[in-house]
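Questions regarding the structure given below will be posed in turn.
Note that the chains are named A, B, C and D in the order they appear, and that numbering of residues resets to 1 at the start of each chain.
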Amino acid sequence: MVGNGFMGAAHSQAWRVAGRFFDLPRQPEMTVVVGRDADRAADAAAKWGWEESSADWREVIARDDIDLVDIVTPGFSHAEIAIAALEAGKHVLCEKPLANTVAEAERMAEAARRAAASGVYAMVGFTYRRVPAAALARDLIAAGRIGTVRQLSVSYLQDWLADENAPFTWRLDKEQAGSGALGDIGAHAIDLAQFITGRSLVSVSGTLETLVSERPVLVEAQGLSGTAGEEKQTVTVDDRALFTGRFDDGVLGAFEASRFSTGRKNALRFEVSGSLGALSFDLEDLNSLQLFDATADPLTQGFTKIIVTEPGHPYLDAWWPAGHALGYEHGFSHQVRDLVTAIAAGEQPTPSFDDGLQVQRALDAVERSSDAGSAWKEIS
Amino acid sequence: MVGNGFMGAAHSQAWRVAGRFFDLPRQPEMTVVVGRDADRAADAAAKWGWEESSADWREVIARDDIDLVDIVTPGFSHAEIAIAALEAGKHVLCEKPLANTVAEAERMAEAARRAAASGVYAMVGFTYRRVPAAALARDLIAAGRIGTVRQLSVSYLQDWLADENAPFTWRLDKEQAGSGALGDIGAHAIDLAQFITGRSLVSVSGTLETLVSERPVLVEAQGLSGTAGEEKQTVTVDDRALFTGRFDDGVLGAFEASRFSTGRKNALRFEVSGSLGALSFDLEDLNSLQLFDATADPLTQGFTKIIVTEPGHPYLDAWWPAGHALGYEHGFSHQVRDLVTAIAAGEQPTPSFDDGLQVQRALDAVERSSDAGSAWKEIS
Amino acid sequence: MVGNGFMGAAHSQAWRVAGRFFDLPRQPEMTVVVGRDADRAADAAAKWGWEESSADWREVIARDDIDLVDIVTPGFSHAEIAIAALEAGKHVLCEKPLANTVAEAERMAEAARRAAASGVYAMVGFTYRRVPAAALARDLIAAGRIGTVRQLSVSYLQDWLADENAPFTWRLDKEQAGSGALGDIGAHAIDLAQFITGRSLVSVSGTLETLVSERPVLVEAQGLSGTAGEEKQTVTVDDRALFTGRFDDGVLGAFEASRFSTGRKNALRFEVSGSLGALSFDLEDLNSLQLFDATADPLTQGFTKIIVTEPGHPYLDAWWPAGHALGYEHGFSHQVRDLVTAIAAGEQPTPSFDDGLQVQRALDAVERSSDAGSAWKEIS
Amino acid sequence: MVGNGFMGAAHSQAWRVAGRFFDLPRQPEMTVVVGRDADRAADAAAKWGWEESSADWREVIARDDIDLVDIVTPGFSHAEIAIAALEAGKHVLCEKPLANTVAEAERMAEAARRAAASGVYAMVGFTYRRVPAAALARDLIAAGRIGTVRQLSVSYLQDWLADENAPFTWRLDKEQAGSGALGDIGAHAIDLAQFITGRSLVSVSGTLETLVSERPVLVEAQGLSGTAGEEKQTVTVDDRALFTGRFDDGVLGAFEASRFSTGRKNALRFEVSGSLGALSFDLEDLNSLQLFDATADPLTQGFTKIIVTEPGHPYLDAWWPAGHALGYEHGFSHQVRDLVTAIAAGEQPTPSFDDGLQVQRALDAVERSSDAGSAWKEIS
């Protein structure tokens, strides 16, 4: 695993846990964790249970005892590491967004296609697909339970920037982060919308907005903590993204991504309306999915709150008895399960780097539309 | 109408409104409102739109142009007025609880049976039966939609006494009010439980509790407002009633009534669990009813929130388009509609005084059980 | 009152009821109801309690015993009637949207300004402003309780067209209705957003979409009921409107109006995020308002569900005890109260025809933007 | 660890995970798992990651390399294993309920007291105390945030027996399970009520009810699955328990435990009402806690839904960023953390076996009360 931030903890937990619940073809071995700072990498290895640590990812991907490289670094470094790993014959799991630019993502997707030809696979980590309620939504739509999809709304709302004195971080710097709310959380909204409907966005019209234009710089920063100094740094990314997207079947989706939604901590929501029903979801209540069935007895129609913890629900047979909730981290275990299972079967895991590239192009189209006064832009 | 407190406003609104939405056999005429204080009665007449006012109910019930007497006074006066009115050949609508004692209620029920023999009818005002969601619950249970009822829980939670400095009122005096939370709101819980299941309680085991034993007396009291003096008066009724009741089909119900449920303003709730499903309701969200259908596809089972504002729902055809909420007062209009329709058809309206008597006996049994260390007491 | 459709019932109820709860300077007298069809107008008079009926609105507005004309006809007739009434020296209450075109609305606003100069007032009926929870939201924002408003989202979702076989109605005909979801319910979303924030939209970018392009024509239509024939008629209005609007303080609002939101019956929703808190509302749960207070103890922050039925809440002192729900129709009584009070005080009631004109211009700008590939259009 | 049913999976996960998130004095080593069937124990070891397996718990507790014995077997075997382990100088974690009888629990508590004198500690596994929302409730009550506790209601509702054809299991046999809903889930309700209030139950009045008296026996049973044969077996435990309990400060609590609450999968709920506020919780939405603050501005009072995933919330600093949900299993990791930390500090972990004994006595008192016609019984 390359990277040792918060995502590293989530991925480590998944590698440790997945094989204890799912019947994997092989129990994962947590060999080595890589970080730029050797000491912090060593700490991460001890903390998260990796056998070794290293400060040199190139050296690690050259090792024979490594089968898979898991990339959890910031987006700007994804392309270099992922392409090198694939060329070294290692399977790759890469955190989202796939890259910071379409050009990088294209090179990565190309590398992935080449590798796949020789049975080496790459996957991008849109884990929210693997929240059981989201996977159930996809299944229900695919089974026609809400009829023809007519419209959808998807939003991802957080509030960690609502305090105008919240400090500057690399996530507010376009060079490092690529974009703001758009790429950080809007990317999840796009991927999830495409996943549950089985459709692809083809064009968008949108507006990006920066709500607080400069923020205090932390002295001795450690993550989000530290002491704010007097110096201010300019925010070069969006704080909120509003866009409308047209899918390949003509359906329009309304999208919103914001890190200024005061009081919303992690509200990835969708509502999909079809000719026979509707589905509604909110990640802040991740163990449930709301279904409206317009074909039911008119006197007792309504949104049904399905608690997605029953036997037969996606991924649930592996876990606890009915009614026992899963949490945020379980999606990562499901990701490991799906990835390892696909690799063992010699099949392309999804979402592929091509899927990640398509999301990257959608993000790029939103930026281009915003720059062009919300004119519609093709995703291609 | 005899009485001019808050209930008088609710009843007046119903008499004024019911005929504008429902096709009544005859438009009600609001002839005279009676109050002990002539000036306040005159004010009430002007405010609520009654043609006349009076300070003498005996005179009013002797009038030829009065067909129906609506009694909205405190419980201790119900028996005298209702019996006199029935004997004078007037139909009677009497607010709940029917009386303050079983003995009074028995005399009233007897008078009502005598009157009914000559086509004069009496009804007791358990209006929550006429909240559309409650009526729908009754219909669904009767239609077998939740199978055999196995258990239920019913509670009525308010918090207007949670402040220990809330002043003394007649509702805290056993002589005037009969009992406390038990008769005031527990009576509604009992009636509603019996109504929706179509079953009667036959025995109970319970505990009554007074949580604040004395309260300041208001100087120049006006309703609940006024200035609290230094004098204190002893609370002689219960603040909270907890009891278990057995229905005539053997089912057990758990009951709670409290005016100390901090933050709950008017939470009359029930949950009925059957062999094939369940129903759940909360008066604080009175336009909805939750239904669980255990016969549905296991993958999409859950509680369905039925918004009970659709065409075909009980009483709803008379009101607004789908999705347009009703309020507290509409139950009173439904009561007028049902009462006037039954009288015109020469049928006994429900709940009858016998029904009210049965609730009174249940309240009495709870008190006897509490006095006897929660021993089970028959309702008879 | 001119018009006798569903809105007529709601307005009649308000005229009948408002003076029974609020201290109006004068009890309204329900003199005459006007309808094109004399028989149906007579039926409406009897049903709703108007003294007389008429088939000629011109005759009625000429009468000396008429002080106020309440217009509840479809939008295309608003201008003619309202202007004539104002010129005849009658106060006017006109249902929303003010008109079907900006040109009509301009003429109406001009007539209203002229009339106001001589103490005759006009008001447009955006009643949702008078839902107590919405009025409370406005008060809390004005008092700074959520700090500086940073973003908002407003949607109005219904589903009565989700069935593709739902019949054609005048509301689907651009000539009669002006627009579809946009003017019918999007107008409410715009007015409410402006009302609660105290800000005006200045420009918009949007997309209108017709999801079902033709519908069966009813044979012997009566309201929405009747028998669908084989003939089809083309839908000439939008089914769904998505737009982004910029307010005069620079804030962006995301708007959606749809009559295809399967399962949503009457979901007018807003969420306003500020620097110190947030507010969230849904008309399907109209007695509550959600408030997030970012200045509270971090350990106990969260959205507080305020049940807006307490003494001190807007309009509530007139109604029932704490916790007793209001319904859809109460907003109309509040409208009567505010209108009659303002007229008696010689003050301009709000929203004025100028306010209605501004909403009309916003609707027009959305249509122009949609026609121009979502390019931003000024509202002016 | 002795036992290899579903609880074994939960405990294994906790032993594996706790040290990866919390700073434990020492990383737990998962040495050996014990099961009666050697093959199934070996499978469990492989599946859950234990180094070894064994079919003989006596042999295992004699080993020098074992410091702690974790008992996850059915209740009837707890006493024998726990006492032997403590006498062998091993710390003990024992699943709830502590035992099947008061006599067994007394012997266990005595053994635990003896062991504690020499620094060997025992703890009983009421893990729901360690759901962060429950721990926060305890903290808020202790800090006086809801004032003096006046009343509470606690229920634990499941529905896995609602189907009358659900097969017989050991949990329905009094010999093996001790009691039914009462001991299985009512025990959690009692412990949680005592934990959050810091008070102990002193007497109870209750009723136990068996709703389905016999059930089909599984042929070739495997857990809850298998083929139901024609043979029926008599259910010898309660399906539903209703009781009222008095705490040592005089407060009354209403309790319900049922496995017939159709549609409720795992609904452990409490509502505690105090003089200054109230708290409400439902395990089916385990990441949130509802707080009502009666001292707040009357205009904006209401239940606040605290999403208990913020920094500073109990146990949360160890996990994910704000708003990222925990699941059922996390309580077990918190239990390991608290247990290991207490042992390392030479302190008695809680809940102790004495605490478990007190719950056992409360369960016993409910049974005695039910047998005595709901007469109040002391817990002693």
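The rule is simple: contacts are C-beta pairs under 8 Å (C-beta built on N, C-alpha and C of every residue); 3 or more make two chains touch, one makes a residue touch a chain.
For each chain, UniProt lists the protein as follows: A, B, C, D = Gfo/Idh/MocA family oxidoreductase.
Predicted model only: the values in this text are computed from it and were never measured.
*Asks:* State the chain with the largest centre-to-centre distance from subunit D, centres being mean CA positions.
*Replies:* The chain lying farthest from subunit D is C.
*Asks:* Count the C-beta contact pairs for A-C and for A-B, then tell me which is higher.
*Replies:* A-C
*Asks:* Cα centroid separation between subunit A and subunit D, in whole Å?
*Replies:* 35
*Asks:* From the mean C-alpha coordinate of subunit A to that of subunit C, what's the distance rounded to whole Å?
*Replies:* Between these chains, centre-to-centre, one finds 41 Å.
*Asks:* What is the distance in Å between the mean C-alpha positions of subunit A and subunit B?
*Replies:* Going by mean C-alpha positions, subunit A sits 54 Å from subunit B.
*Asks:* Which positions in subunit C are in touch with at least two other chains?
*Replies:* If we look for residues of subunit C contacting two or more partner chains, we find 264, 301-303, 307, 310.
*Asks:* Which residues of subunit A touch subunit D in the complex?
*Replies:* 6, 9-10, 12-13, 16-17, 20-21, 47-49, 158, 160, 264-267, 283-287, 307, 309-310, 320-330
*Asks:* Within their complex, state which residues of subunit C touch subunit A.
*Replies:* Per the stated touch rule, the residues are 146, 150-151, 153, 155, 159, 162-164, 205, 207, 209, 211, 240, 242, 244, 252, 254, 256, 258, 260-264, 271, 273-278, 292, 294, 301-303, 373-376.
*Asks:* Any idea which subunit C residues touch subunit D in the complex?
*Replies:* Interface residues on subunit C, with respect to subunit D: 136, 140, 145, 288, 291, 293, 298-307, 310, 312-313.
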